[in-house]
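Each chain gets a letter, A, B, C and D, in the order it is written, and its residues are counted from 1.
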Amino acid sequence: MSRRLFASDNNAGIHPDVLAAIVAANEGDVPAYGADELTAAALARFRELLGTKVEAYLVFNGTGANVLGLQALLEPWHAVICTDTSHINVDECGAPERFTGCKLLPVATPDGKLRPDDVLRQLRGIGVEHHVQPRVVSLTQSTEYGTVYTAAEVRALADLAHEHGLYVHMDGARIANAAASLDCTLREITADAGVDVLSFGGTKNGLMAGEAVVFFDPEQARRFRFVRKQGMQLASKMRYLAAQYVALLTDDLWRRNAEHANRLARRLADGVRGLPGVTVTQPVEANAVFAVLPPAAIPVVQARFPFYVWDEPRHEVRWMTHWATTEADVDAFVAAVGEAVA
Amino acid sequence: MSRRLFASDNNAGIHPDVLAAIVAANEGDVPAYGADELTAAALARFRELLGTKVEAYLVFNGTGANVLGLQALLEPWHAVICTDTSHINVDECGAPERFTGCKLLPVATPDGKLRPDDVLRQLRGIGVEHHVQPRVVSLTQSTEYGTVYTAAEVRALADLAHEHGLYVHMDGARIANAAASLDCTLREITADAGVDVLSFGGTKNGLMAGEAVVFFDPEQARRFRFVRKQGMQLASKMRYLAAQYVALLTDDLWRRNAEHANRLARRLADGVRGLPGVTVTQPVEANAVFAVLPPAAIPVVQARFPFYVWDEPRHEVRWMTHWATTEADVDAFVAAVGEAVA
Amino acid sequence: MSRRLFASDNNAGIHPDVLAAIVAANEGDVPAYGADELTAAALARFRELLGTKVEAYLVFNGTGANVLGLQALLEPWHAVICTDTSHINVDECGAPERFTGCKLLPVATPDGKLRPDDVLRQLRGIGVEHHVQPRVVSLTQSTEYGTVYTAAEVRALADLAHEHGLYVHMDGARIANAAASLDCTLREITADAGVDVLSFGGTKNGLMAGEAVVFFDPEQARRFRFVRKQGMQLASKMRYLAAQYVALLTDDLWRRNAEHANRLARRLADGVRGLPGVTVTQPVEANAVFAVLPPAAIPVVQARFPFYVWDEPRHEVRWMTHWATTEADVDAFVAAVGEAVA
Amino acid sequence: MSRRLFASDNNAGIHPDVLAAIVAANEGDVPAYGADELTAAALARFRELLGTKVEAYLVFNGTGANVLGLQALLEPWHAVICTDTSHINVDECGAPERFTGCKLLPVATPDGKLRPDDVLRQLRGIGVEHHVQPRVVSLTQSTEYGTVYTAAEVRALADLAHEHGLYVHMDGARIANAAASLDCTLREITADAGVDVLSFGGTKNGLMAGEAVVFFDPEQARRFRFVRKQGMQLASKMRYLAAQYVALLTDDLWRRNAEHANRLARRLADGVRGLPGVTVTQPVEANAVFAVLPPAAIPVVQARFPFYVWDEPRHEVRWMTHWATTEADVDAFVAAVGEAVA
């Protein structure tokens, strides 16, 4: 019997509509590498959602999307300002440095969100050849802490970045959760807020695999075909990545999945808040719940529901919900926590 | 209505058994990144086929498999001996050089097959710091020309390589076609013949996406988890790559698909041989047919069935068959060629 | 007339003994790339000083020495623990990341010196493929703040590093100043204290150009000939780099130069201490003086003696002495500061 | 007593005028990293010789000059068309691939000189993401075979390159020998002939160490400060590199040295021509002589005058002359060859 996991939203399966799209795409021969009708259809959906001039390139996974999107903006002596908890800084095994050659400039934050002052403090040594040159501000939306930048917050950062000749990259592995949380369009927190390049996440929101690198300025996309191919992220049977995106971007499936996950995260947080020794440590704005637990309770819950300890010294854990999590799953999980801390 | 293409075996769809395996894998939550039962099952199948000690890592695509498999064997000042028509040399946008830092040493061959003398001639400047150091011999099996190395030919190259301290890498994007052609086991032309690292192809033989990097010496695999992750080729929802491989390696589906494709390539070659102005230029040992056509006929056939001109000055074209090609498809294609050259 | 600068010890000229050695080396033809007698003589001197088994390779500059010495120890998914003020982190334009592919893990310190706890806190995610793997602890001796690790401090860090499978790299651009400061041998603070690879600085201590990468374990040097050549740091007319090192390592010229510079830094610090608004901010253990000045005074002094503001917000400046600085130079400088703050 | 070597022009010492310039530069403190008067003076000399708009950056060695000059022109998916005997292809341990990420496209030639047809044949797969994109044509002047491109030959290649959107890089490690051979200005075979970036060699023409990367279009130099620093080729005590170039570019020392070396190479070739079993295999247009010798004679001569066997199977050897070679040296060498083949 299948079990529900709260360790990560990538423990989830494929949404039925997305799987149906894969099955439907399996008809006859089609040209490879994106010269097929489904890839064209996926691009059309991206343009409907994000603007008529966007260029969107499908890749296999989130690390690929982030690294190659950054690559398109960077020379090797540039640097990327990001939070110290960002996925590019912590969870990609150094792939950004390895492939772009660039340094990351990580900033400590209380909640995974950069502020303009954080960016300003990193703008040092500009024009001096001894020092890497900050060129990109990378935001994660929603953040690794399950918090969300408002459109105004993104805009303030983007204005500052652009004023200093920097670009804005958004790691949108969970961009859908952010838009759902803010009840806004995807465009309001990306193109309209000044984002230059977006990793548009799909895998964590119901796809089998597949992310998109979206360029809001087509000029910046000019070289990306080569970046993607040399970056080992060009799928030959592209139709199957494209079919998934067509499904995700049809009838707002992306939003429905994200709203569902967000709602269940709030339900989970509401359920554990008030349990003895349990403190929810971050605003629950997307599909993640961070909490401090009594140390002894952690392995007890993990034995029934595996999850990650985020910060060992603080006994802080992370729980994720996703499109397939049910209310019953959450309630069973909350009950398990309750028993463990009792 | 769907049309059959002869441009590439990656124009094909997903084999029904493979698609069924993807659908069946879509049950509940499972751990990510390969800590799931299907990934364990896939590894067990690889070990049945190739040896109990092999390590097999799933990646997204063929370029990823080749580049990362090579990376595991190379320091940046090493070099890779390969044919000048090899996929790593021609069709991967320089990804091998970019990511390993190494130079390729391409050798011209009449049929896509390296000979021991080709390798010997590249063994220059050994131990001299001014020169890159040959470290890997990379063979493609079946070759880019649709020809096949016999087990004895692989063994002769491997013995020579090992004698000089080099490793043998095999780009097996079409390894199934080679084994089917030779009517031998996969092991006879890999492990038993001295291959060190194998890119085991799936995408061109009925999968949606997915290749495997197989190490015959577990010691060489030791660092590969990091190579794969940093190389942006670690799938989060690994179960779906694994499910495909389990299906492909069950009941010899890999062999049945390849035999079918090979047989139809021979049928195609037999059909066009003898047509006026048509010369089949390579032995048809796998699923590719190379032919010289009267120049004027090429665009006429292409208008009905797109394919690639392989060598413009010689008017040499390439036609590929695959698991889904039918006899009727081939016969229609042969007829089209016949009309064009008439 | 020539002027004395306090901006950097690389503003100095060539020590007369070193220049004489260059002139003396200019006799006839000799083999290139290190196959000459002077290179052998330089290696012999390094072995006298540092141990009979050391391997020492001459390179052009400090960035080359650091990056290539690190390269010899690292795979691309490794990481280097260092201070956030270290030269490799701040002043090499990202060359370490670019060429090794690795991430630096910078640690904030009050005085440019790592402590064991700093290292321990970076030992996270060991063995987990999502995270870079700490592999090297890099110390700067003397530090960028002009402070010095004692032999016991180096040993404590090295023991900890080795216990966890890490190597110790020492950026010894000013290793001579440290040994002079501690009144110890070079060996006591390197080989005997557990250092694995040392950048042995010469340029800042009287050479025209030239640094050495010293390996205390010859096994780790095995691949370095290729690292250096591919790293663009192999000099063809090696005799001239070697001649400089022979001179520097003869009759303790390295120590005499360093003692001189250290003594004048102390004289400078003693001179400014007590001036109104001037605070010396770091222990003056080598040839650097850090001080906070009244903001208005900084440009006044800079107009007469250019130097760097180290920390703009704090109005902290850096002054360096070197082998050629004289007591009169220092006294004139102190007088200039005195006038500016009066 | 010092012996004359014919193995390489980098076996030579420093020309007395150049050494005198180093000694003269050793006066007092000066700013580091090129912010000194000698560096400005060197740039002024380059502009006198090569054009008022050129930008010239000093680096340590020839590999550095070539790799970083190419880097300034290339994206990682680009390719460089060069001869298969070029220094960048054979003698730099793969540094060009390692640092630029790009592929070299080597072309076999009889005499080390590219022809327009060689370039044309490499212009394949343009705009197609599967293939590296040729972006630079790299010429060596004088070539590794001691032959020389005329100004018209360079111009024909440059016109072709520019017509197809490619740049022209010249490895001018021996550019002086070419200009002396052609009795033309440096400008006629570089700027005026369409070269975009030049490695201007000094080490092989009387310097201690030092090459220059010269950009004829300042726009292409825009990013080079960062390329050089990150490429580990920025000298701190730049004045000593600059002083050497000022000397080399004063009173045509560069030309006098090169004419001398060229003349002695002709004398050497004239001397051995006609000896039994000796065939001079390349036109002697610069300071190299290539000859086929009776196999048994080769070690006999090498025992007295070390040199390289260029092509083992053909028994072809290479002999180089330089600024310090004397007529007596050549005559002694010719006599030794004569005795060995007698």
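Note that in this section contacts are C-beta pairs under 8 Å (C-beta built on N, C-alpha and C of every residue); 3 or more make two chains touch, one makes a residue touch a chain.
Note that this is a predicted model, so its numbers are computed, not measured.
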Least step count from chain A to chain C, where 1 means the two chains touch = 1
Computed over C-alpha atoms, the centroid farthest from that of chain C is that of chain B
Between B-C and B-D, more contacting C-beta pairs sit at B-D
Centre-to-centre distance between chain C and chain B (centres being mean Cα positions), rounded to whole Å = 50
Could you please state the distance in Å, as a whole number, between where the Cα atoms of chain A are centred and where those of chain B are centred?
-> 33
Quick one: chain B and chain D, Cα centre-to-centre, how many Å?
-> 42
So chain A residues touching two or more other chains come to 76-77, 92-94, 98, 101, 129-130, 226, 229-230, 234
Touching chain D in the complex, chain C uses residues 1-5, 7-8, 10-14, 19, 22-23, 25-32, 60-64, 67-68, 92-95, 98-99, 203-204, 208-209, 226, 229-237, 240, 306, 324
In the complex, go through chain A and note every residue touching chain C.
-> 76-77, 79, 90-94, 97-98, 101-104, 129-132
Okay, in this complex, where on chain C does chain B touch?
-> 33, 75-77, 101, 129-130, 133, 223, 225-230, 234
